[in-house]
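One structure, as structure tokens, below. Some questions next.
Letters A, B, C, D and E name the chains as they come in the text, with residue numbers starting at 1 for each one.
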Amino acid sequence: MSQPLLRVENLRTHLFLKRGVVKAVDGVNLHVDAGETLGLVGESGSGKSMTSLSILRLLPRQSGRIVEGHIWVDGVDLASLSEEEMARDWRGRRVSMVSQDPMTSLNPVFTVGDQVGAPFRYHGLAHGARAVREAAVKVLRRVRIPSPEKRLDDYPHQFSGGMRQRVVAAMAIACAPRLLIADEPTSNLDVTIQVQMIALFRELQRDSGLGIILITHDLGVAASICQRVAVMYAGRIVEVGDVRTIYRSPAHPYTQALLNAIPHLGQRRRRLHAIAGQPPSLIDPPVGCRFAARCSRRTAQCDAEYPPEVELASGHKVACWRPGPEAA
Amino acid sequence: MLLYILKRVGQGLISIVGASIVIFFVSRLSGDPIVLLLPTEAPPAVVEQVRRDMGLAEPLWRQYLIFAGNALTGDFGNSYRWQAPALSLVLDRLPATIYLALAALLFSILLSVPFGVLSAVYRGSWIDTLGKGFAMLGQAMPNFWVGLLLILVLAIGFNLLPAYGYGTPAHIIMPAIALGWYPVAAQTRIVRSAMLDVLDSDYIRMGRAVGASERVLIWKYALRNAAIPLVTILGVYFAAMLGGAFVVETIFAWPGVGRTVVEAVFSRDFPVVQAGVLLTSILFVTSNLLVDLSYGLIDPRIRYDR
Amino acid sequence: MARLRGRGLPWLSMLMLAIVIVAAIGGEALAPHDPNGLDLGAAFRPPAWAEKGSWAYPLGTDNLGRDILSRIIAGARVSVVSALYAIVFAGSIGGLIGMISGYFGGIVDAVIMRLVDIQLSIPALALALVIAAVFGADFGTVIVVIIVTYWTWYARIVRGEILSLKEREYVALAKVAGCGTGTIFFRHLLPNIMNTLLVLSTLQVGQVIIFEASLSFLGLGIQAPDVSWGLMLSDARNYLTNAWWAITMPGIAIMLTCLSANMVGDWLRDTLDPKRRQL
Amino acid sequence: MLLEVRDLKKHFPVGSGLLRASGAVRAVDGVSFSVDVGETFALVGESGCGKTTIARMVLMLERPTAGAILFDGKDLAGMSGAGLKAYRRQVQAVFQDPYASLNPRLRVRTIIAEPILAHERSGRAALRRRVEEVLDVVGLPAAAADLFPHEFSGGQRQRIAIARALAVNPRCIVLDEPISALDVSIRAQVLNLLADIQERFRLTYLIIAHDLALVEHFSTRVGVMYLGNMVEAGPTDAVFDRPRHPYTQALLASVPRPDPDHQPPLDAIRGEIASAMAPPSGCKFHPRCPRAIDRCAVEVPAWRSLGRDHAGACHLAEGA
Amino acid sequence: QSAPARGSLTVAFAAEPTVMDPLKYSAGVDHYFMGQMFEQLVRPDPTLRSVNWLAESWKVIEDNGKPIIDIHIRKGVKFHNGDPLTSADFEFTFSKLRDPKISRWSHLQASVERFEIVDDHHFRLHFKEGDGSYISGQLQLWAVPKAYYERVGEEGFAKAPVGTGPWKFVSRVVKDELKLEAFDDYWNKEHRPTVKNLTIKIIPEDLTRVAAFKTGAVDWVDAVPLAMVEEFKKMPGVKTVSVVSGNNLFLDFNTDQPNSPFRDVRVRQAAAHAIDVNAIIKSVLFGQGERYVEVGKGGIGYDPELKPYPFDPKKARELLRQAGHPNGFETPCYNLTTPREPNVKEVGEAMFAYLTAAGIRCKVQGLEYGAWINLMRRGRNGPPEMDGVISMMWSQNLPGDPGTAWAGHLHSFVPGKGWGSYSFAQDAEADAMVEQLKLTMDPQKRDELARKIARYKHEKVLGGLTTYRPMITLAWRDAKVDFKPWPYPGYWRGFQEIGLKQ
């Protein structure tokens, strides 16, 4: 297999806070191929956003730091680059992001044209006001903003929610990056707008060889866009595999529990299978399997040692001492 | 927009009328101006006549209506002390006070914006501490003390700046510092906290994510957002500067309204006090209105139809 | 690695404030000399550490030979008491009005806000001047002036706070639970603006001291035989070049107290409510 | 019928103060529905369509602009004094944000006791017992009563909120997105709890949610709203199996499913919800409706029956 | 000597008058500007001797026992607008000055019966009765151009005053500056300024004014702060003059209220013994004050024999005991806090502290200027009443004549008659003598009577306990400014002779 677009090796990102060191990302390995969408799912606080911010090196300045690991993109380790290099050559140029709440991702006091044109200016892809404008129009057209040349001088608040979101996507793909990280791009949206976003993502992926990491806690959204899905729990990836494998034959008890805990359209008034308990604190996570406390298959071994990753099938990896199908 | 302006002007008028009532009645409480106007030896008949001529024999509320009516036509009466219409006495000095207040405000902004921005960007670092300390000093020192120290050091000590007077740009520097230092701390705090919020915002992160340099992000994209809360209350700070001018003008022999009003209070020269206070009120109300309106230039989200 | 150092308690500032408060309570009893006891023979003694200074007058004497340290101690009372009055009265009056205005809204709010506007549109010092001229310049007037000037400050901020507080879900739920207006006011709103009031109050200490000093400078503040720092400052400016200590010492007292109060206020603000960084 | 809502309207005036500007947000624009004892009635619809506003009117936190709300046959508008008190006892609420709905300065005990104290004078011991009782119902230890809200996780807080709603033995609970703010793994816990309680105390629920799978799972009847209007209402089975209004159909079709092989078509719906200040003429949905005809733009569709207990407002959904 | 004036000069004053119109002036400070532009019939020369000025000659004659002042005025005197000065101008002044609605000093003209114009340069003032203060007040009348005044009116005149003085009005910005120009046609060719343009800046704050001088922004400065006088005297290239100002400070006691402890002369004497005025002058005033007893040195009624009560706290206490206050007593003490004279506030504080130490326990109350005047001025419609001790001051002019001052605060208060307008005294004998003094125009007799009153007043400590006369120090850059100090009545800021050196 050829070199993947992105390879993250043993990434550890810690947040140094007054109340302690939050081990937000604690040994994450993953890879994304060109033209592929990797879904990153997991519950709130499991470190999904921190993983993506680590890749872009956009961690909270005061507290966040990558303490270990490598982030290879096209053979370059981003973890070793200087801040200037990151800004100049990487962010927006080769690796780009749509952040957690696209509705607030546009600066309210600058025009849309200014903001969409900005990446071209930063990376010297267009010179002069007119060229930048033209480039902005082009990319807005790509995300299906109607008559973009007329809307460049409008402010974000004059756009509807769905359109704002497409503008953000336009900014992110303006310089034709190789990798796009989309952090919950649909979470705060109504169903009807959500589908429009899903359509846009599928299209982007089809048209260019863009690799996408889609972060979400909505298993439905992940299922509708991704080719592969990684499940994160308490700072670690517990299971990763092809989308069908994950949904049809999940091997990690957490993945299984998650799928059981959500109601599915068409199935009514059956009791949901709740997952008891809470996720562990990331300040001092348990030494063993982090899901052990809530797991139905827990053994003494689970508490003693973190399970190694095993590859059950090609590309299907699980970190569990007792992986396998659900006990009926 | 028009509706909004009308509404704001209406509110402003209410404030001004209210201020005029307050100042009229409070000043009347302090005694009979006749005592100061006529020689003690004036015969009672003359006293009575002058009293009638001046309308002081009417009941207070009528006096107020007369006063308000005259004030509407720009007639605040003649100063009891200075042989001149009270309004012109104050109006002649108003530009100097406005100039001083604006310069002080400018000084405070020139200081607080960079301080606020830098201490947000380098939060917790020595820059933050230093900026905060320096800004707070202004809040902890009475402005007349600052003024005196400035004169002592910059004028007498080093002969760098003129100690008093009005005219060249050099003249404004010390008064503006003395007056403008006080609000620096509060303004810095506003800019800093707004900046912290803005720097944490999604759109700034988005800017970073598409490759903006820190310089562009901070000074172009973040600053405008962070300035909004500052701009919102500039009107209030302007009023604070007008008030502070009362003291600073005395120190620097600045020919503004402040000194005139202070002395008018001492000599119970009510026409001048009333004209002075009312004019400052009008100035304050107008400046607030202007700030509110110009606010829309900075923040396009503001619509004036609400 | 402690990149983000904890915001430690501002010990130094607290200590300073404590000293000021002790001085204010102890007053003359703590002072080594009678603060008004003049001794023309001992006029213009420099501070103890300077040449010709003596430890009998640690911070020197003023033009009338009064001990500056004793006067600073006695003057602390004015500062503390006026700040206290201002905080208690302006704070409770303004706070209550702000709460009423914010909670009931409508016409009540409109009227109160117009009153606030009126108050704001009269320069504080001008109103102070007129009031002081009417009622005579003394301690009581200074306090009245400060209260009249500052209530709006509390009213506006508390009102804003209440406006957002009353939209909180727990307030709606209290109504659903069947609580009356009184309960909502005192159980749900008041405790939640206490932090704000506390922060505002500490920040106000400095403002009051400076304000009093400005009044004294204009000759309308505290009058002898009362002593205040502002008065000392304003008196001493006549011999600024001969006796630097006479204007510097009370100036430093003002500065340190204001700084400390502001630091404590800032610290409280950060500690009590890290989200509301802006006041 | 326990709760009956008749042609309810709520218009928020825009602009206030001296010069009243014209224009209003028509947040709720003529909605009728009824909820029977023991039922779970769900309101669904896009953001801003007026669901919360209805809930607030039912809770008497907001006065209707027009229309009537009847509880047990009595009109809320006429209630005051004792009648109001009695009503407050019978209807409680749980809101979306478990952080904002508990006063951070009060202990859990006080929070839960609040509705009790508002209604009756009960002794300390009785109060204590009752608080512990409801805490037990929601699965929290008695010791929780002495803690402050911030010492709990989101799911636990929502349990406290539920305990508080239960404290006065209400007959009906209004649930405004009770689990949207919770984590996926916690949601099921709370949802199961709500279902258990309903069964145990024979409660009636008025629930607001936007997760259609959840609504299908949880409710007995459902009302679909669009821009201040009810467009379709009926038994959950009927609405989900045979949606009749194009909006309901589009909505259901659009939901992404946690199954890679059954994904929604991407063109079920176009455009975006219009402004509640200037809603489209005729059928408010017509600009986005794939099947709109000329008539839709001019004529407001009438509310008509579409089957047993199933009704809707669409020109195209004639007859059953 | 009579070369045309040239160059310009900027000077700084500490205070500024309100009006520049001799018909409207009220306070002493009004002379600061008026005196540069307007002139009187008689004025003091630099040695404080009265000399004829606009008057060529004058004498008092008698007609039917009523006095007449017969005056010939100088010919060839011109107003700044070119009009010649004639008797009609003085008549005009007289008619305005006696009108209480216009003038604040109408009572000073009260004893004049009529004004008789003999010819353009000769007129007579007919008196109802004698009026000694008329003469010591430099014959009271200012030269104001009748025709011009009537043409431009009161307001016009206020904006552009015209007089006969050495300086012509150019412009004024209130609270900022007055610009003057030397009058080329000025009649007195010997004593006149040689600088063409003069700008008077108003800088009330001491430090700022000093800074303006030190930095060279101004070359002549008024009222060097007391604490800096020594420094200024030693400053190279700077010349100073320290002169006694016309003001006279004293502590007044309420003696007209029946229950006032100060009705007892022993209490007043006790107060006189209690205060160490010399020490106060030395430290509080940095030596910038001159002790005086009732009348200042060189004034009418000045008696070198009269010695101040020595500082003797023991005696003070003894006197109090005798007066029935073995433990002293408490009294309100009113202090003026507005700096009308340098350090008055501190002086007051010091004096009250001395009184307190001796047993007259002062409850000090500070008053700003407006409140102070309000409290002192009689003829109000009721309270407040000055019911204790007050720090007061009253100008006796240079050269001094205490007549007007005593009429104001030694004579008991008589409404509407001009007697005792600021008085808290009530002593029939003093009243009679003060009234007599007013009628006495003969200089010799006037001096004798004044001495008698002074002695009586001193013995009884009536109409206040006299303390000191402030000194003012003027400073200028010697290398640049050629200045000879000239006073006009009471004040030293006259620029009769000022010029630039090479």
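Here is the rule we go by: a residue touches a chain if its C-beta (ideal position, glycine included) is under 8 Å from a C-beta of that chain, and two chains touch if they have at least 3 such contacts.
Fair warning: this is a prediction, and the values are worked out from it, not measured in the lab.
Asks: Farthest chain from subunit A, going by the mean of C-alpha atoms per chain?
Replies: E
Asks: Report the most central chain, judged by the distance from each chain's C-alpha mean to the global C-alpha mean.
Replies: Chain nearest the overall C-alpha centroid, as shown: B.
Asks: Any idea how many Å lie between the Cα centroids of subunit A and subunit C?
Replies: 52
Asks: How many Å are there between the centre of subunit A and the centre of subunit D, using C-alpha atoms for each centre?
Replies: 32
Asks: Between subunit C and subunit E, what is the separation of their C-alpha centroids in Å?
Replies: Centre-to-centre distance between subunit C and subunit E: 43 Å.
Asks: Going by the contact rule already set, what residues in subunit A reach two or more other chains?
Replies: Residue numbers touching two or more other chains: 62.
Asks: Of all residues in subunit C, which are in touch with two or more distinct other chains?
Replies: 4, 133, 219, 237, 240-241, in rising order.
Asks: Which residues does subunit D have that touch at least 2 chains other than itself?
Replies: In subunit D, residues 17-18 touch at least two other chains, as defined above.
Asks: Subunit D touches which residues of subunit C in the complex?
Replies: 110, 168-170, 172-180, 183, 187-188, 191-192
Asks: Show me the residue ranges of subunit B that touch subunit C in the complex, using the header's touch definition.
Replies: 11, 14-16, 18-19, 22-23, 26-27, 29-31, 124, 132, 136-137, 139-145, 148, 152, 182, 185-186, 189-190, 192-194, 196-197, 229, 236, 239, 242-244, 246-247, 250, 261-262, 265-266, 268, 273, 276-277, 280-281, 284-285
Asks: Would you pull the subunit D residues touching subunit A in the complex into a rising list?
Replies: My answer: residues 46-47, 153, 155, 183-189, 191-192, 195, 210-214, 216-218, 236-237, 240, 250-252, 254-261, 263-264, 266-269, 272-273.
Asks: Sort out for me which residues of subunit B touch subunit A in the complex.
Replies: 123-124, 201-214, 216, 221, 224-225, 228, 298-301
Asks: Would you tell me which residues of subunit D are touching subunit C in their complex?
Replies: Of all residues in subunit D, those touching subunit C are 17-18, 56, 59-61, 85, 88-89, 91-93, 95-97, 100-106, 114-115, 118-119, 161, 164, 168.
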